[in-house]
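Which chain is which? They are A, B, C, D, E and F, in the order written, and residues in each are numbered from 1.
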């Protein structure tokens, strides 16, 4: 059901810096030239509302229909359009939030999420319900910072450390970074929380390698 | 919290052929020489009872205490001694069943398990409860074949195909191979079920690579 | 928070006959000229896929932004775009599926759903999860008939009676008609099942009258 | 299964002012002369204990057996005797608490309840379990005021506003007034909470109209 | 909070033979003269409907108010009036169904119930919800025999063995006898099912001895 | 399936004073010479870690295999090796924690646990999951005192009273003493909490008497 070959990682927002951050995270993960990261030129600057979230489904489906790949990763940590994209291809389609949550569940019984903006919580809870693990969410703490601040190597660190410590205090045993823009801050979050922290680009990368492994 | 370096994969049973099968599964997954697969010489031939399951905890802990590694994988699909081993090291410790179930949950909302023997079901349900996803188990079908038959390249194929088809009929959207001895039969199971099938050695390998990725 | 005035009922598909059926169902319910039923000209002929479901969100939001009303009803029994539309207005926004399920829960502890096509089940389960009552679903039986057959006064009756009897046999205590196109067949379903049957247009109408009642 | 005709609303307590408040709430809802509100002369002054709650079942059943109606509403927000009354008639029988909770679930994923006295909580939780939605209860705040204070147009307002604000702070998305005596204070509660507030007399009225609509 | 002394076991139905059977079951359990078994003269012949179930609350409360005891057992396997009776006394009050279910849960993860008549199921499910264990019920099989047949030493045996075997086939690990009238048939049920069977009179007796043990 | 005769109560730790405390608790319960309390000489001084918990399974199984009894009680409030021991004998095998939790559930809908050391919580939660009642745990408060302090008649009283009061404040309706070493402090805990307190030695004793009652 799967073949070797490229794994197409599609950032459904149009941000160039966010797309570069996703590519950097996958490179750090050491993924062997298998991944190709693209952005949805017609996407919104960030997926911050339900309208944004619905709006990217159709262009995601069209991109997948015209681009052959061994597997696809929807590179936004709210898994927009996942069921719709899956219906367009026989190849594996992975969502970054589901991948990161799954990875967290291999490390601890309960996990916390550092979110992008408060409005993202409802969409991530929707995905947790799809997986059946909403009650394993120990806490959800938004950063509420603009995307350009998030991807700065220093600016958001204080806020990230606070969020990580707040989640550690809830009894979470692992933390999920709830936005691709946070990939550069994994070590800061781990240091602050003293807990394993899951970076969703790498998590989805690992799942895509698994889903396309030769048999 | 993690470093590069070897990942020690410990088969808690003493079977040489089973250990070789685990190593072959990880090699097929293409894991870069990072994995070293060992067996527990004092373990039982297979983990087929609760006494077997409890008995390997102490030798697993001792092995981890004396062997440095970047991460450890407990290479039995009932995750024996997971909490005890975690208490002996600051490094990531991964269980194969939890890893495979997590991977299945990135592909579908409900999954089935092809089990080794009927008695394994209770231990795998225990792990599902630890993860909070017992109600996502669509079905659990045991093969009830001896370990030496399981690892034969042809002998168990008919039974595996039947089990895969039975699970597909439950509405499962993915299947977990519930025993390391089944690694060589992934393609047969996928063909029969028409569903993604998760091989636990590769799944735990992917999770261990993720847990030890450079930041 | 609410005022008297018209209640705008928006059929997100473009079918004229389906829209007429919704209006007829509300008229039968006796709703006093409060309801105005419109269709989304740019909508698909029916909402039969995830792409259809996502695609109507943006036009629904735009219509609600430009049309003042005391309350809005999204007149499709998969509640497309509900959260997004709610974010565009301070007025009550009701989904037909959530309204019908809520009404069923006042009549019985478990309920069944007669669905439009098999692919609708996943979307209705998503809504049940949002309400927290997925485990009260006793059964879900699709009709798998074209929309033009559904709205025929006679053609789908045999199939509807079969579905109603099948759901009664599951132990359901009430039945939800899972498509607006079924409004004309309520009596047939009640007769066959011997159970209360909830028609979603009328259910959402009742909820909208309640939400806009003078205080 | 249903016919047009009067809907008999039975207040199981003997309070005349409480009965008048129920009638006023239904009139405000604009229900067309369909509703006839009666009280149980042999009922307790209020349903404040488990003994009260059990004691009204038998007289409720007898009243329903001797009074023909198109539907019956048990007009107490703890739904006393609901199953017993249902067994005495083929007509729809609606409970005010279940009706109000159902209405709240069409407006939000979680809801709070403003209760009459602390002792009512256990009975309302029992009804929530019957519906399967106890975990959607965001908070339950009792007023602990005498019935004659509750029905005063001004006296309980401060306490009601405090309760409404406290529930809004729990993250509830809607509020249920947990006693028929509160019907006159809906606007005060909505203003204080900034959330939709469900009045149970009107909610049960809407459900009864739906259950008796011509087909 | 408890003292030594008599334990009053109150059969809320008026059946003399049923009361004698309860006393015999407690005697077999070997309970030391601590138990005194009485019947509610004003109770119905059996508790077969919701009206029966509600109707015994008031006389149960009055009996407990006038009779001092170290503990009280409500000797009907639907636990009628439990909360109301508890509010009348500071002494422990035990229900036979909750006691038997609790005992079953010490023996197995899932259990079945052999019920008196089909109508009892809803009341026993209500009690299971109060305990939070409805999903541990593997099956519920009614005998649907008159009380006088149940208490016959031979007549109901065939039907009881069938029910026990049917429950064993559901995967239940223990069986609860769901009526006091079945006390004489415990051995027959155990033989047929090959599982531990819990007799509710003895179970409540054990719980009452525990609740009144000297400290 | 059961016979009269001795009930073997096995303390899986090697502490002589702890064993004596278990015997004293059973004697207070008044259990008629049926109980024989032994300790596992090869056990750890207390079961304080997962390694301790796993390590006693094998010697428990061997002891049960060589000692005939009518029933067995595993006398540690984390139920070590329960499934393994059950597989070695056809006689009833009871765990003290499951017995105490079951007894608590006959007295209240939610309960708290006073634990031995913080590390015990995970093992007791595992048992609660096996029973399906983890969500009925209102609170878990560890004493974190050495075993020799626990069994002192006075030294731990202040800490026990604090824990009991803290649990009462959570809304728990009953309290479980989560360690056999606390048997002598039941009255102190009841006085402080004003709630029924379950002592696990006596609870398991009651369950064992029930499981071995003549039929």
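The rule is simple: a residue touches a chain if its C-beta (ideal position, glycine included) is under 8 Å from a C-beta of that chain, and two chains touch if they have at least 3 such contacts.
Chain labels with UniProt names: A, B, C, D, E, F = Aspartate/glutamate racemase family protein.
This structure is a prediction, so every number in the text was calculated from the model and none was measured.
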Practice item. Could you work out which chain's C-alpha centre is the most distant one from the centre of chain D? Key: B
Review point. Taking each chain's centre as its mean C-alpha position, how far apart are chain C and chain F in Å?
Key: 54
Practice item. With chain centres taken as the means of their Cα atoms, state the distance from chain B to chain F in Å. Key: 34
Point to revise | Centre-to-centre distance between chain D and chain C (centres being mean Cα positions), rounded to whole Å | key: 26
Revision key, fill the gap. Where chain B touches two or more other chains simultaneously, the residues are 130
Check your understanding: Taking chains as nodes and touches as edges, what kind of graph is this: line, ring, star, complete or other?
Key -> ring
Check your understanding: How does the ring run, chain by chain, when chain A comes first and chain B comes next?
Key -> A, B, F, E, D, C
Revision key, fill the gap. Touching chain F in the complex, chain B uses residues 49-51, 53-55, 57-58, 61, 81, 83-84, 87, 122, 126, 129-130
Review point. Once bound in the complex, which stretches of chain E touch chain F?
Key: 1, 28-30, 92, 94-95, 98-99, 102-103, 105-107, 109, 130-133, 135-136, 186-187, 190, 196, 198, 202-203, 205-207, 209-211, 213-215
